[in-house]
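Common to both upcoming complexes is chain A, partnered first by chain B, then by chain C.
Let's look at the complex of A and B:
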């Protein structure tokens, strides 16, 4: 019970913590680079956290009903929908945020960027938080499980949050240019991961056809090893992805890589504006 | 603004938590393996004990504890078994450890053969019970690490706060300093790391004090020294006017030149008079509306000469300020409006309360100020070109708005330049804090 809850909490918290860290670093960068014309307040994270926790609790409450929808594949379909909306907002962030940042409409653009970040974090928390709540609610109903499950949860959550904090401060210690580059690369991986999960969930629900396995690296790096889980949270590593999953992963990454925000980070205007 | 305290506490705590928790996890895994080995040895010992049981008498109903069963076999005959044990053999007739499933549980078993008595002993133990027992023991050692983290967090916070105290003290010391206080920072028993900062700050303050003093002395001396010859010059000019006639062109140019010079000197003097130290001495409650009324009365003839329509609106508005400095501010704004508004134009002056501010507005129907000039017009001696006409033709020295901005800053007020509500023109708004 202990080790199971360590693994579940570690995976879910790590995924959310890494996403939040990257978005917070991007907020800092926007603020530092376009400070005067592009005012972003970091307080958005508090709204996102509060709304996300409330959303996770609500979603966990209605999950039993949701799972009965669409011939008992409701949970898979709704989860993939949540992922799809997240992906949409991530793409919006990378395509809309940087354009015309010196124009008169910067305040509206800043608001759009903040709104996108709030929605992305909110949905990540709803997704991961509801899974954690359902798991903890289920296993702690037996009193002998409470201590091992809760201690495992604290250790898993502690490791996940610590990784998030270390990543955040690690990224902020880099030069603006490199921090921006790493953040956007991670954001591209996050998008790939989300796209791959959408395919996996819809395949499970029989809404998408099964396709052959693209490759098998289970022998080289098992998915359930600590490194495997860390890589899953960081770049969406899967040992045996299907061909459709791999294709969608690549496509989602390409959408971000060809977005204006990414092009801004890798040579371009940033180098001229930021190096002080 | 990033907090050093938050960075230190969060990053140290995160690193400690990460290493402690990963170590706890590693410790848990190796302790569980160790516990398994221990349980296996216990199973072996039990088998040895069971082997020595005397089976000649009644052995039915022997129990080795919760979740542990045994059987003693000899040539396919069950000699003895613990209560709850099935009738058939629970393990293979093969020496060593193995796993087996029966009775809806998974069991860990050990089989031993005694060649002298030709007996097989089989001992099995429920794996779930073994696991729970082992886990409970191991978790006892993990729990203190978990419970200790909040305490460690508090300790780190206190240590970091203690370490940053010299920095906090220095920043409080600097914050306490008034704008005009240019005395060196006195900071005893400072940290070695801060010595250089304090030394550099003090040397900077000293240099600044010297420069300011020199500048102050220069403008004061220059203004005073120039005033006397200008007064003499004006008397001579008056006499000259009587002699050659005041409508002589060269005489008029000379007179306007002398007037401009006098104006410049007066402005330089006001700049000197409104220094922070003088301001602190002269600060008291002022009714801004009344002060504006008086200034308009004084300058009314200039507006009348140019047929300008001047309107004043507002009500009593109390602020903290220096009477003389405020008179200069209002008179500079009014003179500017008078100069830049064409003949017959309109000027609207208002003193009103907006939110928690007292706002003095001077709006005119002149040519207005281009957006790119709006920040620069407050620079010393800067004069913008208005409406395509060279501003240089206008009388003035480029110090009026510098003085306005300077006085506003002393009063902690903000000056905003916008387009006026007339078809063209500019609006100067000075937002003062209301007196509480």
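Let's look at the complex of A and C:
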């Protein structure tokens, strides 16, 4: 029970922690891009954490009921809706926030950025947190499990949070240009991962058609290996994605890569590619 | 560019409609009791979509997970749920309960 609890918590916390780190680093970088007048307090993260934890608790409470909606596929439908909204706000952040419309409306730009970030983190916490709460609530109902499960949970959560902190300081130690570039690349992977998750969930619910497996790298890098799990948390690695999953992953990445925020981070990258 | 997007959207919506019109899937039942799957080996027809109805008779939640089937879903205690799998090519597809992986193990065998 102990090891299982460590792994489960680590996986769930890691995904949210990495996203939060990247968004916090981007918050720092926005100051450098839009100047001192662009005031973006990092306190947004506290609102997001409080709302996210409350949301996770509420969602865990209603999960048994939600699951029975739409002939027992309610969980997939609601989860993919949550994913869809996060994807929408990530696209808003990378397409609308940098637009020239806000060039003389700095405070509105800041409000838009903060609102997007709060929603993105809040929804990530609802998704991951509710699963953690369901697990802990169920497993600890047997008294002999309480100590091993909770100590495992603390250690797993601790490792996950540490990885987030290491990523945050790792990114801030880079030059501004490179920190921004790596963040935007990671954000593109996050969007691809979300899009692929939506497809997986709706296929599982039979709301989207089955498509054949695009490739099989299970022999090369199994999903249940440590590297596989890390890559799953980081970029949504799957050993056997379906064709529709792979296509949507790619499309979502392209939406970010062709967005104005990505071009701010990698000026000239697209032009250079054309020259080659 | 616009034409491409329109074509992609149209083919996606066609796929969606065709999936709604597809024939009903074979339904197979799987029970979770005392953190074990019954039956632990589920035989399904290969090449056909299967509606897996999972009935959790334990008071605790469980998470059905399978890397090979590409499926993952939490099932609350004393509740049931539905997961669509396949069409599968013949072979074995292990699954497990992520909350109690020591005991909750099983596999889908597509024939």
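Methods note: the second predicted complex is superposed on the first by the 263 of 276 C-alpha atoms of A that agree within 3 Å, B and C clash if a C-alpha of one lies under 4 Å from a C-alpha of the other, contacts with A are read in each partner's own complex, and residues count from 1 in each chain.
One rule holds for everything that comes next: a contact is a pair of C-beta atoms (placed from the backbone, for glycine too) under 8 Å apart; a residue touches a chain by one contact, two chains touch by 3 or more.
Remember, it's a predicted structure, so these values are computed and weren't measured experimentally.
Undergrad: Between chain B (first) and chain C (second), which does A:239 come into contact with in this model arrangement: first, second, both, or neither?
TA: Touch partner of A:239: chain C, not chain B.
Undergrad: One more residue to check, A:166. First (chain B), second (chain C), both or neither?
TA: first
Undergrad: With both structures superposed, pick whichever of chain B and chain C touches the larger number of chain A residues.
TA: C
Undergrad: Is A:158 contacted by the first partner chain B, the second partner chain C, both or neither?
TA: first
Undergrad: For A:224 in the superposed arrangement: first (chain B), second (chain C), both or neither?
TA: second
Undergrad: Scan A:134 for contacts with chain B and chain C and give back first, second, both or neither.
TA: A:134 sits against chain C, while chain B stays out of touch.
Undergrad: A:8 in the overlay: touching chain B, chain C, both, or neither? Say first, second, both or neither.
TA: Touch status of A:8: second partner only.
Undergrad: Using the superposition on chain A described above, determine whether A:143 touches chain B (first), chain C (second), both, or neither.
TA: In the superposition, A:143 contacts neither chain B nor chain C.
Undergrad: Within the complex, which stretch of chain C touches chain A?
TA: 15-16, 18-19, 22, 25, 49, 51, 53, 59-63, 67-68, 70-77, 79-87, 98-102
Undergrad: Within their complex, state which residues of chain A touch chain B.
TA: 1-3, 6, 144, 147-148, 151, 154-155, 158-159, 161-163, 165-166, 169, 172
Undergrad: Given the complex with chain A, which residues does chain B contribute to the contact?
TA: Against chain A, the touching part of chain B is residues 2, 7, 10-11, 13-15, 17-18, 21-22, 24-25, 28-29, 132, 135-136, 139, 142-143, 146, 149.
Undergrad: Please output the residues of chain A touching chain C within their complex, sorted ascending.
TA: 4, 8, 63-64, 67-68, 71-73, 75-76, 131, 134-135, 137-139, 141-142, 200, 203-210, 218, 222-224, 238-242, 244
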